[in-house]
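Think of it as A, B, C and D in the order they're written, each chain with its own count starting at 1.
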Amino acid sequence: MPGTPPTRYVFLGPEGTFAEQALRTIPAAERGQRTPARSVGEALDAVRSGDADAALVPLENSIGGGVGVTLDEMVAGSPLVITREVVLPVEFVLAARAGVSLADIRSVAAHPQASTQCRGWLRDNLPDAVVVDVLSNGAAARSAATGEHDAAICAAIGAAQQRLTVLAEKIADHGDAVTRFVLVSRPGTPPPPTGDDRTSLAVYIAHDRVGVLLAVLMELAVRGVNLTRIESRPTGEALGRYAFFLDCTGHVADDRMGEALRGLRRVSAEVRFLGSYPRHRWTGSEGDGPVPAPPGQSDVDYADAAAWLARIREG
Amino acid sequence: MPGTPPTRYVFLGPEGTFAEQALRTIPAAERGQRTPARSVGEALDAVRSGDADAALVPLENSIGGGVGVTLDEMVAGSPLVITREVVLPVEFVLAARAGVSLADIRSVAAHPQASTQCRGWLRDNLPDAVVVDVLSNGAAARSAATGEHDAAICAAIGAAQQRLTVLAEKIADHGDAVTRFVLVSRPGTPPPPTGDDRTSLAVYIAHDRVGVLLAVLMELAVRGVNLTRIESRPTGEALGRYAFFLDCTGHVADDRMGEALRGLRRVSAEVRFLGSYPRHRWTGSEGDGPVPAPPGQSDVDYADAAAWLARIREG
Amino acid sequence: MPGTPPTRYVFLGPEGTFAEQALRTIPAAERGQRTPARSVGEALDAVRSGDADAALVPLENSIGGGVGVTLDEMVAGSPLVITREVVLPVEFVLAARAGVSLADIRSVAAHPQASTQCRGWLRDNLPDAVVVDVLSNGAAARSAATGEHDAAICAAIGAAQQRLTVLAEKIADHGDAVTRFVLVSRPGTPPPPTGDDRTSLAVYIAHDRVGVLLAVLMELAVRGVNLTRIESRPTGEALGRYAFFLDCTGHVADDRMGEALRGLRRVSAEVRFLGSYPRHRWTGSEGDGPVPAPPGQSDVDYADAAAWLARIREG
Amino acid sequence: MPGTPPTRYVFLGPEGTFAEQALRTIPAAERGQRTPARSVGEALDAVRSGDADAALVPLENSIGGGVGVTLDEMVAGSPLVITREVVLPVEFVLAARAGVSLADIRSVAAHPQASTQCRGWLRDNLPDAVVVDVLSNGAAARSAATGEHDAAICAAIGAAQQRLTVLAEKIADHGDAVTRFVLVSRPGTPPPPTGDDRTSLAVYIAHDRVGVLLAVLMELAVRGVNLTRIESRPTGEALGRYAFFLDCTGHVADDRMGEALRGLRRVSAEVRFLGSYPRHRWTGSEGDGPVPAPPGQSDVDYADAAAWLARIREG
């Protein structure tokens, strides 16, 4: 039913990872049904097939999954759109069963990327422990709970679900790392503009020349649309065909974004609209509030210019 | 009455100059009333005041009058628009009264810019003649007719009106020089697009930075609008305020020109629309026929992109 | 000893993965010592510490490891440079112990990204088999060899090392996927230009504005330097500081690349040179041979322009 | 003799015009020999042939002569360079013989462009006087001195030379108009940089596309070279060949200007260097002092970037 918020959620599993933690920051998801998926592709397919209403998957700088996969899966099948983003600080904990102290720890279960991010802490605090690779942060917590390993590097949610004791918090070497997750649904009317929105796009071009990329960026620049992320990916589909994944500031309902999108549609081989949605604000974050439209780029300016042109055309 | 072609024409005088010759290439002007004006300003004021319906004045590469003056006068008062252009080869003749031969010529009357353009021919053919400055090509012809001087460098029309004999044709050192004249009227519905049109603009910017000029040109470039002339002029009105006079390929009724104009309106301090009109084709000319819209820039492409955006916005 | 080729190689392990297969395409590595590393970070650290001479790690479109990690680790410590790239088709096989046929297979071990890429084939050929996640393609092969699982999705090299029988080849859904690996060393004189080289860079900028990115790209564009990959990454180090990872066509020894690099150095917060190295050519590949310098951008053109300027400056 | 300042000056005549007034603001010219020329072409030819050391001609917004002519003549023959500029307020006076008062004036001699600029004043103060065109401001003064006409619109210098009484000062409708004159010599070492210099160029391109002009401007923009004037002119020499006359901020001896010039040399069909010279400062002027190099564009930044590149190339 249109307007009904999603109630069946899928997330990149297993349980007890940052993705679940991110999903549970969304009130409707906290009340709804939440199912882990084995992969990003499986999560998105569940939405495509109607088995789920929305999927929460990592998009950027992710632990245990990756940007590339999500982007590729987003555009590989029938259209999907992002309706929300959640930015979560990546705060690893070292957790163990009750009664285990640091001095007892001989083996630590961790996802390879998690142990990579905590290398400094491990070297300083557990120099003699063996780090054992496991498939996910959730699996690490489970293996500590079962006693397979003495401790786990995992998310707080994973430690809690497995009733582990947190021996150390924020053990990542770079304290300010974050992961950006997105909530993905089947296409529908985008959420209304809030004044601080993001729009995600995939733009395909036939050649990998810098001139072509400049042309794409100029379509944004002349409408004052700012770019917060860009990533080129070979498409694999056709010889020399490239895709750019772009995150822009603004909403598809804004005049300037609308004109920029129409321009991209005209100059590129294909544009795929991946959603307009509120930008996530988190405390201690980028520090920049909503960015107002540059001079001459507000909806009022567009309306004024359109009225002026109409007068000229009529003489 | 709307739709009635102009019948009262004014042109940059005096009689017998290239401007009159250019005006008479327009059939309606050949049938209408034609009055010389003493200056470009006077010609344009006659149109502004309603004393004339249209003025023919030189715009580019002119002899005996100038680009700068015309541009400045166009924007100095109430709005005027160009409705037509005439490109005329600058073909100077040496003319004298019947019976005068080259060997007899001791003095040649010429406008300074005319004698400048014929310097090589004068040096080779009349090395001993004195060149006397006069105020216009028409005045040169008259002074030869009255016998004040032995011969004149002038336009063919001036020689004919003064019943002079043409002793030498095409005596300019650069044989392919042309002057571009424009027919100027009070604002009205522009002439319909022909598929090979030009649009003239004055764009004002608050600063003279190359970045600002780049911004102006990008507004054109991203819509595939080509530029055939650019000239910056200090406005004199305000400190550091600059005007760019631009001639572009296309018509204000084209979608891409419309979007480019709206863009210029938004990013510049002011845009003055100076007309959309058919591009003059003359034999032996640039050799380039009508330039089709670049890929993605036709009206059909604009309509397609607008429909696509509407679908996205509706979900 | 300078000029001595590296003899001690490390690669992203474990054994039997595509990284090892890629490394062994390099003749010197085939003869040298090859050690698996547990992570990209560990591999690069071995080079930084002098324990290895060179590391082979995945850079783009990788299975079982990722672009992001490699890029982040490349710039996270003391300087390293790429000296070579290897592009390897990602050709998964289904392998099992001798005597096991397709009909016998109940469980398949696979890295999650490998099973994702072979989803279509699995659905069509082993609809009833359970897919079990393991940590790497090498681990998949081993678990099939030990009989823990009936079969493995793995690299050909992994199947061979574990003496498995290949039941099906090229089972990935997209047949033309490739992974790009790079060989990384401590800084030294770059390999000599071959006429078909690539240069990798990390460019840091203080703001995420599209205008800043345009400025970076213009530094390349005006020197005719082409871009084959771009990826923005938040640095995590400082608020609003962004890094762009760029792959460009050309060599640091080329005049145009030199001028472009100097330009990037001046306009960005920091540039990190990540190496100039021969572009890998593989059969059935992009189909484009070496790209000649655009008009005006050859070393001869640079020398001519420098001589011309010297003449002007001297008068 | 090198280093010897010019002593034989020619200026756009006749005597008594603004050009002479501008020339006499240069101390060496006040002491040297000053000869009027009949045209800009004649003035420049006198320098080319060695008959004069330097020529003072109008370049911009000129009265009684024009930008276009000067630019065309500058590039039409052997190389010439600008070594100095003089910006002169265009302050017209109304002058008459002693004893003549405003009420007595029936005829006013004026160059057509002078009377155009004083139209408002004439209408308000001498509504019944006849304005008679003459060939120059100097000729206007002479005709008032001889009594041919009752008064003259002319330059202060012209009134003084003809011993006329000034009846009204600053009678131009736009009080802040200025003319920019340049002093032109045969090529030699440019005057040393002052920190506030201008460089003039003619850049030829083979096509009139906006993309080509954008390419030219980007060569300037990426080196932080600012543009203070631009004018396109058809060259007349070849079909579709265009010239851009550019005035830039900076000196050919600056690193950034040098790199920009080398870039223009490479990307254009031809560049003609027209001189680097101190920017004229006049009281009540633009109000902007010397413009410092933008961030990253000083000579120090260029030296730093060159040293950095050398280190990279050596490894």
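By our rule, a contact is a pair of C-beta atoms (placed from the backbone, for glycine too) under 8 Å apart; a residue touches a chain by one contact, two chains touch by 3 or more.
Here the structure is a predicted model, which is why all the values come from computation and not from measurement.
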{"item": "Touch-network distance, subunit B to subunit D, counted in steps", "value": "1"}
{"item": "Identified repeat of the B-D interface (over half of residue pairs identical), from A-B, A-C or C-D", "value": "A-C"}
{"item": "CA centroid of subunit C to CA centroid of subunit D, Å", "value": "57"}
{"item": "Subunit B and subunit C, separation of their C-alpha mean positions in angstrom", "value": "59"}
{"item": "Separation of subunit A from subunit C, taking each centre as the mean of its C-alpha atoms, in whole Å", "value": "24"}
{"item": "Residues within subunit A bordering two or more other chains", "value": "218, 221"}
{"item": "Chains grouped in pairs wherever the two touch, ordered by label", "value": "A-B, A-C, B-D, C-D"}
{"item": "Touch list for subunit B against partner subunit A, complex", "value": "187-190, 215, 218-219, 221-223, 252-253, 258-259, 261-263, 265-267, 273, 296-297, 301-302, 304-306, 308-309, 312-315"}
{"item": "Subunit D contact footprint on subunit B (complex, rising order)", "value": "38-41, 60-61, 66-69, 112-113, 115-116, 119, 133-135, 174, 176-177, 208-211, 213-214, 217-218, 220-221, 225-234, 236-237, 239-240, 244, 286-288"}
